[in-house]
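Next, two complexes with chain A in common: one pairs it with chain B, the other with chain C.
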Partner chain A sequence: MSSQADTVALAGQAGLPARPTGKRADRQRFQWSSLALLGPSLILLAVLFVIPVIYAFYLGFTNLELVGPNAVNWHFTGTQNLQRLGSDPTFFLSLRLTLIFIVGSIIGVVVIGLALAVLLQNSVTWLRILVGGIVVVAWMMPAITAGMTWYASTTAAGTFGTLLGMPNSDFLHHEPMLIVTLANVWSQTGFAMLVLGAALRNIPHEVLEAADMEDASRWQRFRLITLPMLRPTIVTTVLLITLISLANFALIYVMTQGGPGNSTNILPLYSYQQAFEFNNLAYGAIIGNVMVLVCAIFGVIYVRASRVRT
Partner chain B sequence: MAKRRFAARRLTALAAVLAAGAITAACSGSGSTGSVSTSEPTGSYTLKVAYGSDYVFDTTGFTVKWWTQVADEWKKSHPGGTVQFIPIPGSYNDIVNKLSLLYRNPSTAPDVAEIPTGQIGLWGQANYLLPLNTYLKSTSWWSQFPSVIQSEGRFSGNVYAVDQGENDSALLYNEQMFRKAGLPVPWHPKSWADIITAAAQIKAKVPGVTPIWLNAGTGSGANGLLQGINNFIVGTSTPTIYDAKNNKFVVDSPGIREALSFYQQAYSKGLGADTSALFSPNAVTTPLTAFQSGKLAIAVGSNYYGGNWTKTISAPFWAQAPSTMGEAIIPTYSGTGTASTLGGWDFAIAAKSKVAKAAFDFINIAENEQNSIDAANWAGWVPPDKAYWTASLYTNFAAPYNAFFADITPSATLTPSNASYSVWVQGMGEATGAIAQNPKTTVSQAVGILKSYVTSQLGSSQVEVVP
Partner chain C sequence: MTAGVSASLAEAAAAPVLPPANPASRRSLSNKAVSNLLLALFGAAFLLPMVWLVLASLDSNATWSVEIPHLTGANFAAALSGSDLQSIVNSIVLSGVSTAIATVCGALAAYALSRRRIPWKGPLLLIVLFLTGVPLAILIIPIFELFSDLGWLSILPCALFLAVTTLPFEIYLIKNFIDAVPQDLEEAARMERAGTMQILLKVIGPLAMPGIAAAAIFGFVTAWGSFLIPLVLITSPNQQPGSIAIFGFIGAAHVQYGNIAAFSLVYAVPIFLLYALSSRLFRGGFVLSGAVRG
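Let's look at the complex of A and B:
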């Protein structure tokens, strides 16, 4: 008799429930047959995602050029591009501008999106549909169209200047970072409003009614009940807005092409400029690698923030 | 033990992925070899022809019309051949990027391509292009090209591309505004100070108009410099932008300072356009409409202005242009000569083309009188063959501008054709943009912007200061 059977028998004698034998049903088990079903997806994922990403990462450590002597005969150059990155003032300017753009966009999008969601929740139906529709249309607009709209509105003879009684003002080129950030906020707010509005509707009425019975003010209800319950949704929204903003190349490219000078040259534009205007594909790739790291850092921060319980 | 096996498997899988990446990299990094055909291909074959479909010619309709007419003519003498067009949409950078990618693989490289002058050196040195020296000996037109145009495709003794058409620059001015301001018509400025004086007088006597258009900023890229400050730099006693002998870019020279000083004077006196117009990506063509609407008095403009105002091109159509708009050369800094940049588009054949002879025949047809002048008229160029400059088909298309700009061509100066020129362009764009946006920017500060940007991008070993 096996020792396992002895143990079970002893447990039974002591009045304890017998421990189940065999494989546990509550644990996931690996079945080799599933490989056949997962195979095509794994191959596609490897070919279209994993290998290109690794390849792009590798390119950042080469001297590959778009044209010129190193366009065909290129090779691994170790940390040469990293060293260049460390002494490139335009890169550090670009990194700083990227952070300003992202943080400004997050604050603007979440605050305005949340305000709209809260205000529209209690508004009359026709107003909710009208305002919600307008905001969502702005969100659905392609980045190029949004960029053109803001370009036309914020340069001389544009809507902004005309409304403010300064038709010849060139807001875009005098406050470029502020204007492109506002344009991004304008185009992303609809998304935040939709997501946060849906989350607002999921807050149980009983909780809010209980707060009412306790004579809580509106601000107290919002600060102590609504906001904490929205926290996971806000964190998700912030994460998504970060990723969308970092990938929003077209908006800034249409509006300023990274200028005047380098004043709106955020990392995606600087990567493009190096790769396709200065022909340095490898250096453009390593700036792209930095963007991946920036995304990863923001991702970790948000995931940690979402785990914190109030 | 099982965990260790699993870890080993994961390592193997990772190694396989990395190996695949390395193999892909190795394949991408190696160029294949092939033989170049110098004889007529036999049987049926395809000739791949790449061109800019939106940007190079004045209209898309003319683009299609011109390439089709050349292809039809070519097909008559090449019955076995089929032309496969590769139209490349988008602007200058899009065309350059697409061609760069096509050239990376011999199987995708177009047999014939329309390429910008500024890329010939790069692509020639990258062994993308076929030297045409042997073929050119048998043509009637090559010897008619002025030496400056012949030299634009020549690197290390090899001619990698031949010109399709050229752009050069001069001053265009509104004669009615000049008369109103009490300025002489026709106007012949003898110095840069004369230009500033005229613009200041326009500002004083003709309110509500922009006195002078000087391209500035980074928005228009290399075109903004070709039709802007480079015209002044090449008109000084130190005109060098790229020192080919030492492989260095000039970031400070008396010429650069003189040109920036001219810009600084113009913008500090409030004679230039506002930043909304200057920093627009379409800035270089803004004077065309600004002149037509009576909002601009003088522009450092290009040869294509006159053609664009014709009914044929209509970009925009302005019937009164010849009676309203005068033209004058840009004087050199010393006032003793003509200053102008030169840049255009060229034909090149892929280095590994298997139908190189047929490809050159295509270029040969494209360079004949009818096709060359049609291209010049429909794309806004000076034709490269000086024998065509007096042909009525060309001069009458946009009189008096076409003949005027053709005469400037031999004394014009080519822009650099080097991989790093775009960095210098960005640096100079930032310098001129700073002056236009903040006229308190001094010449030394503007030079500092150029110097620090180019040095930080290329390294101090690739820049030089000319005393």
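Let's look at the complex of A and C:
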């Protein structure tokens, strides 16, 4: 059926005399078979992605619960959940922890990733392959394995304590936010190293040689030439690290489950906790809405940052 | 999202680095020593957390601390039998089904978006791009509601949903590759009266294969590493994938340290292999330049 439609359209394309329809024959027309090609993806994305996102936004303003009477007979409750957010100290703590986690991860990942990318260029081959390999393996590890590894290393009697001469101190318990951020940096840096390394290699040699002619110091060369030329890559990397960190539920969940207390309870964990542990699906949904807002704000900042003079 | 980008970068990392711009200066020798030393320190720091994982996996009486292992293969044997093996099989089913759905649907859509005239194509692509950035944690609540109403809280519907979460990025990735396939080849096939399906299978498919494979690898790696989605969407313990199993080990009454380490390693191996495969795919490069003259 569709092949016939194709043939008609093809006749026009191939330059054969098409029926005079009044339309231009040299421009591609809409083919119904396109709908068959796009159909499966469009239906899946609409039903299981776009509509649920909109629905999640709406659920945030209802009293839906996981169990009990409100699991069935739930209704729109206006700004009730918003008011609850406004007077929920855990929410504000969670928001602050999320920002600390994201900003700390970005700084760690970009600084260490850039340092590694530069160092890799100036090192002997075997060391480059070895260290590059280690960092990339850390990045490839599934989040759950990375979390496991860091849990074992930082808990009481773990590698870190033993190495620092304090075998009995539980770092994960005493400095939970620092440790989970470090773990996240550890598992994301490989990505930044690869991207920034590729960008470094793309800087034309002439530019750096010209700087040498002018007796620029190493630091000047780095600050005035390398860094500005890497800027677009850095902005993109930061954007991706933000999205990944905000989605990195598994890493923190396996290490601390948001604890001790609420000291690592960042927004995705708090949303999950409210929805599926405290049964407040609607309240979990509105925390999710805040998460989208946080994402959007970071997105706007990056778009602006990438538009400033390059 | 990272996996796809990485695939093309893995090769870049392996490429030889050009010599520094200023080879002759005397300072560069000591500079080299300093950067080698710094790099070695970074390497040691990154290696440190992995030490326990490797040692404990080989140790017959492992604890959380790093010790010289009493060598044994029993931990790995345990990780590949019984319920542990079952959870790995579940992971394979979950990731395999999800990858198949996302890659087939994604490739068809990518072809249409790359080649056909479609009304509102611009906005459509923009929406797809926007979807790649939506934090998935917000989707889990409405999807849970929907799936629990339908009685779908099991492995296959979960695979379907995982496919949908990777679909936007797969469409983008494959579309970029199809865009790079010269139109002339397709037109030549049309002259020979090849139908759309034939063109897809015999012209576009093989030529865009590196892109389709990269998208499939991205989908598989994402599904394999997923944790929150199967945690919420699969209720039966027999259907839980490996990521949930690892989490269960830590909370167990009697913690089997060696088992945890061995299982975590086993669980990470497929990912390492797939990344290695994807860097191979890209090393071959795109050999289309010879297909069209001029």
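Just so we're on the same page, the second predicted complex is superposed on the first by the 264 of 310 C-alpha atoms of A that agree within 3 Å, B and C clash if a C-alpha of one lies under 4 Å from a C-alpha of the other, contacts with A are read in each partner's own complex, and residues count from 1 in each chain.
In this section, contacts are C-beta pairs under 8 Å (C-beta built on N, C-alpha and C of every residue); 3 or more make two chains touch, one makes a residue touch a chain.
Every value quoted in this text rests on a predicted model; they were computed, and no experiment measured them.
Contact with both chain B and chain C is seen for A:156 once the two complexes are overlaid on the shared chain. In the superposition on chain A, A:209 contacts chain C only, with no contact to chain B. Of the two partner chains placed by the overlay, only chain C lies in contact with A:288; chain B stays clear of it. When the two complexes are overlaid on their common chain A, residue A:201 makes contact with chain C while staying clear of chain B.
By the touch criterion defined above, A:135 lies against chain C but remains apart from chain B after alignment on the C-alpha atoms of chain A.
In the superposed model, A:124 lies in contact with chain C only, and not with chain B.
If you count the residues of chain A touched by chain B and by chain C, you find the higher number for C.
Once chain A of one complex is fitted onto chain A of the other, the partner contacts of A:276 extend to both chain B and chain C. Contact with chain C, but none with chain B, is seen for A:44 once the two complexes are overlaid on the shared chain. Looking at chain A, you'll find residues 50, 55, 59, 64, 155-157, 276 touch chain B in one structure and chain C in the other. Here chain C touches chain A in the complex through residues 1-2, 5-6, 9-10, 12-13, 15, 17-18, 20-22, 31-32, 35-36, 38-40, 42-43, 46-53, 56, 63-66, 101, 104-106, 108-109, 111-113, 116-119, 127-128, 131, 133-146, 160-161, 163-165, 167-168, 171, 187, 190-191, 193, 195-196, 224-225, 227-228, 232, 243, 246-247, 250, 257, 260-261, 264-265, 267-268, 271-272, 275, going by the rule given at the top. Of all the residues in chain A, the ones that touch chain C in their complex are 2-3, 6-7, 10, 13-14, 27-31, 33-34, 37-38, 40-42, 44-45, 48-50, 52-53, 55-56, 59, 64, 112, 115-116, 118-124, 127-128, 130-132, 134-138, 140-145, 148-153, 155-160, 162-163, 167, 183, 186, 189, 191, 194-195, 197-198, 201, 205, 208-209, 212, 218, 240, 243-244, 246-247, 249-250, 253-254, 267-268, 271-272, 275-276, 281, 284-285, 288-289, 291-292, 295, 299.
Those residues of chain B whose C-beta lies close enough to touch chain A in the complex are 17-18, 20-22, 24-25, 29-31, 93, 97, 100-101, 103-104, 119, 122-123, 125-128, 217-219, 221, 274-277, 279-281, 419-420, 422-423, 426, 429-430, 433-434, 437, 449, 452-453, 456-457. Of all residues in chain A, those touching chain B in their complex are 46, 50-51, 54-55, 58-59, 62, 64-69, 71-75, 87-90, 155-157, 168, 170, 172-174, 256-262, 273, 276-279.
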